[in-house]
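Some structures to go through are shown next.
Shared between the two complexes below is chain A, which pairs with chain B and chain C, respectively.
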Partner chain A sequence: MHWDVVLDNWQLLLQGLWTTILYVSASLALGLILAIPLSILRSSSNRFLSWPVWAFTYFFRGTPLLVQIYLIYYGLGQFESVRESFLWPVLREASWCALIGFTLNTGAYVTEILRGAIQATPYGEIEAATACGMSRAQTYHRIIMPGAFRRALPAYGNEVIFMLHGSVVAGVITILDIYGAAKKINALTYTYFESMLAAAVLYMLIVYLITRVFKRAESRWHAHLRPRTE
Partner chain B sequence: MGESTPAIVVEDLYKRFGALEVLKGISLRAHEHEVISILGSSGSGKSTFLRCINLLETPESGKVYVQGELIRMRPKRGDRIVPEDLKQVERIRSKLAMVFQQFNLWAHMTVMENVIEAPLRVLKVPKAEALERGEQMLQKVGMYDRRDYYPAHLSGGQQQRAAIARALAMEPQVMLFDEPTSALDPELVGEVLKVMRGLAEEGRTMLVVTHEMDFAREVSSQVMFMHEGLVEEYGIPSEVFERPKSERFRQFMSGLLR
Partner chain C sequence: MRKLSIAALVALCLALVMTPAGAKEWTKVRIGVEGAYPPFSFKNPDGSLGGFDVDIAIALCEAMEVECELVEQDWDGIIPALQAKKYDAIIASMSITPERMKVVDFTNKYYHTPAKFVVKEGVAVEETNEGMKDLVVGVQRGTTHEDYMNKKFPDVELKLYGTQDEVYLDMGSGRIDAIMADSVAMDDGFIKTDQGAGFVFLPGNHNDPAIYGEGAGIAVRKSDGDLKEKFNMAIDKIRADGTYQDIAAKYFDFDVYGD
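Right after this comes the complex of A and B.
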């Protein structure tokens, strides 16, 4: 065992940790912003609104993230029209491709999580809002979405962890995230076990923090679901 | 003093669910300070009728006036009608508070948050004023000490009293009660009826769909009995209960006494 290679390359791993956190949090934030309007459209009874969103989520949930990133990063560059378009400065960069792919992927999952939570709104709550004169927009803003977010919280916590683990794909397309850093250390020293275990520990550390955050979030936002304590 | 504008006028309301005709021409006139109890066996259309007044259900035809203002409807695709102006409907709904059989409190909000929500968002009342009004209403229904509870932590009777406070906080012109005690355990019915009696004594205009015969007999100014989508009996309680003209109402009463 050569644990010294891990210690010698701590700066590389720290940089990888930071990169992973950056990509995952940015794509989670953008994906959530994307998912809010899409989940509302997806739960619409109008098929012209819900169908395109269904197709989007079906593609991104129906295919592996690795394949999606390869399609965006390597696949699109194959077309001359893309290489000559204004999008090329973005699409030729691994970093942008990873961010776009991650955002669309988590956006699709969160859309479906939120759709389920929206559709689980007790109909009586919507009727009560309607009956006191709230508009459709107010009802979404004040009644449906706040309830849906709370119901979606446990499933969303899982999605955050899945997204973290999915983010190793960034390391596959040359980005120096945690996995990328471990891969590089291994390439320099041929210590697969030590370098991957170091990566594993860092991922576990982040997951620990994520579960802590969600535990606190649930204790705050699930107060209305807890059994009565007096 | 001349005849004031009735709080609610309903003219010739028809409603169908598919092939089933639920309302076959119902009219009603409710003056201010009147309490009208609407009775009938299940399937008689009484809840549907109430829900057509604030357009939770859209009737096939008929007119609803609230304080003399007609809710404007326009025809759509053959024999259906839809509101012409949703803003008008929302404004009128804000004057007609509704209390539901299943309470329908907003689960993620505390009692006080439930009570101030619509005054803040719909009536645009300033927060301090909404809170003050909310406190008064919660005191009135005896729920002030539970103002920070979530609905799931309350009994059915407490939830229904909170829902009544939520309705009162809108300072409504008319209150619509849709079987407010039907989902309650028998021992909790009394506390809700007591609050409703208090509101009637204050002179509030109320339309109450109910199975509570004592309430209908003692509190209401008019009783309306519906059967298969038609009004079978209408009048002041003493007349209706002592000398019913309709055979169906007699059967309904004896069915209850059985």
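Right after this comes the complex of A and C.
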């Protein structure tokens, strides 16, 4: 065992840790913003509204993230028309390709999570809102969405962890995330076990923090579901 | 009767234990190749493996009179997989370097070619750290070329790729300004292809022996000294009987063995 190679390259790993956190949190935030309107459209009974969103989520949930990133990064770059278009300054950068791919991917998953939560809204709540004279927009704003977020919380916690693990894909398109850093250390020193184990520990560390945050969030927003203590 | 069979069993065990471990007969050798580094190794349209490394591997097995199994392995894991005994030798254009000698053993070289930069036609830069500091250079991760760039061109921005094919893709689409890699690999794998139209070599030859070593060799586990010797003898044999030259002539119009 050569643990010294991990210590010698701690700056590289720290840089990778920061990059991973940055990409994952940015894409989760953008994905959530994308998913809120999409999930409302997706749960609409109007087919012209729900069908396009269904196609979008089906594509991004039906294909591996690695394939999506390859399509965006190497695939689009193959076409001269893309390379000469106004999109190229964005698509030429690996960082943007990763951010776009991650955002669309997590956006698709969160859309379906929220759609399920919206559709699970008890009829009574909506009827009560209508009886109180709330408009449709008010019902969504005050009743449906807050309840949906609360119901979606455990599933969303899983999605955050999946997104973190999926982000290793950034390492294959030249980005130095945790996995990219571990690969680089391995390439310099030929110590696969040590470098990958160091990466594994960093990922576990982030997951630990994520589960803590969601535990707190659940105990706050699911307080009404806790057994009564008297 | 029972006693006799026990005695026989004990004798058999002793015989097994006392067979010297070092005398392993190499009847079958599994060879790790990369398959993404033309013209040294690539995939034929039908999916089979081809290229200079692959042909040399097959010729060496014939010269050693052993059965040969080619195992495809990505570059990133090519040394760990050797140590994990997924195969017994690596024939993948691997340069013999002091860093790698710490973990594996090498045979004598089987070829030696210089490294060069490739840029877009019409780009004139001085091949120094100062002259190239505004360029983005793509290299394959974990190669001597990455090492060379880090040591001699520390201020040049590097992009690291898993395979050489991906470096060519990003050069073609304009994400990088230059490639640093083996001249022969790039000539056949990029410059002479449709993808490489409009790209040229810079004039300098880069072959600092302190980094690039003495050429490409066959890597074996440190414990397999006998296999290394067999390979060395086989390299001499195919060099002497003309097999090497026949294979080389299929791919190159110059002496790839070097001096």
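By our rule, the second predicted complex is superposed on the first by the 230 of 230 C-alpha atoms of A that agree within 3 Å, B and C clash if a C-alpha of one lies under 4 Å from a C-alpha of the other, contacts with A are read in each partner's own complex, and residues count from 1 in each chain.
Here is the rule we go by: a residue touches a chain if its C-beta (ideal position, glycine included) is under 8 Å from a C-beta of that chain, and two chains touch if they have at least 3 such contacts.
No experiment lies behind these values; they were computed from the predicted model shown.
Peer 1: Determine, for the superposed arrangement built on chain A, whether chain B and chain C clash or fit.
Peer 2: The answer is fit.
Peer 1: Once the two structures are overlaid on A, work out the angle chain B-chain A-chain C from the Cα centres, in steps of 10 degrees.
Peer 2: Result: 160 degrees at the vertex chain A.
Peer 1: Who does A:Thr174 touch here: chain B (first), chain C (second), both, or neither?
Peer 2: second
Peer 1: Figure out whether A:Met1 sits in contact with chain B (first) or chain C (second), or with both, or with neither.
Peer 2: neither
Peer 1: Contacts for A:Leu188 in the overlay, against chain B (first) and chain C (second): which applies, first, second, both or neither?
Peer 2: second
Peer 1: Applying the document's definition of touch, where does A:Ala137 land relative to chain B and chain C: first, second, both, or neither?
Peer 2: neither
Peer 1: Check the residue A:Pro146 against both partner chains and state whether it touches chain B (first), chain C (second), both, or neither.
Peer 2: It touches chain B, and chain C stays clear.
Peer 1: Could you figure out whether chain B or chain C reaches more residues of chain A?
Peer 2: B
Peer 1: After the two structures are laid over each other on chain A, how near do the C-alpha atoms of chain B and chain C get, in Å?
Peer 2: In the combined three-chain model, chain B comes within 50 Å of chain C at the C-alpha level.
Peer 1: By the touch definition above, which chain A residues appear in both interfaces, chain B in one complex and chain C in the other?
Peer 2: The overlap between the chain B and chain C interfaces on chain A is empty, containing no residue.
Peer 1: Residues of chain A touching chain B in their complex?
Peer 2: Touching chain B from chain A are residues 122, 124-125, 127-135, 138, 142-143, 146-147, 150, 221, 223-225, 228.
Peer 1: Across the complex, what residues on chain C touch chain A?
Peer 2: My answer: residues 76-77, 79-80, 99-100, 102-103, 141-142, 146, 159-162, 166, 169-170, 172-175.
Peer 1: Where on chain B does chain A make contact in their complex?
Peer 2: 54, 56, 86, 90-94, 96-98, 100, 102-109, 117-118, 121-122, 150-153, 163, 166-167, 170, 176
Peer 1: Could you list, by residue number, the parts of chain A that touch chain C in their complex?
Peer 2: 74, 77-78, 83, 92-94, 172, 174, 180, 183-184, 186-188, 190, 192
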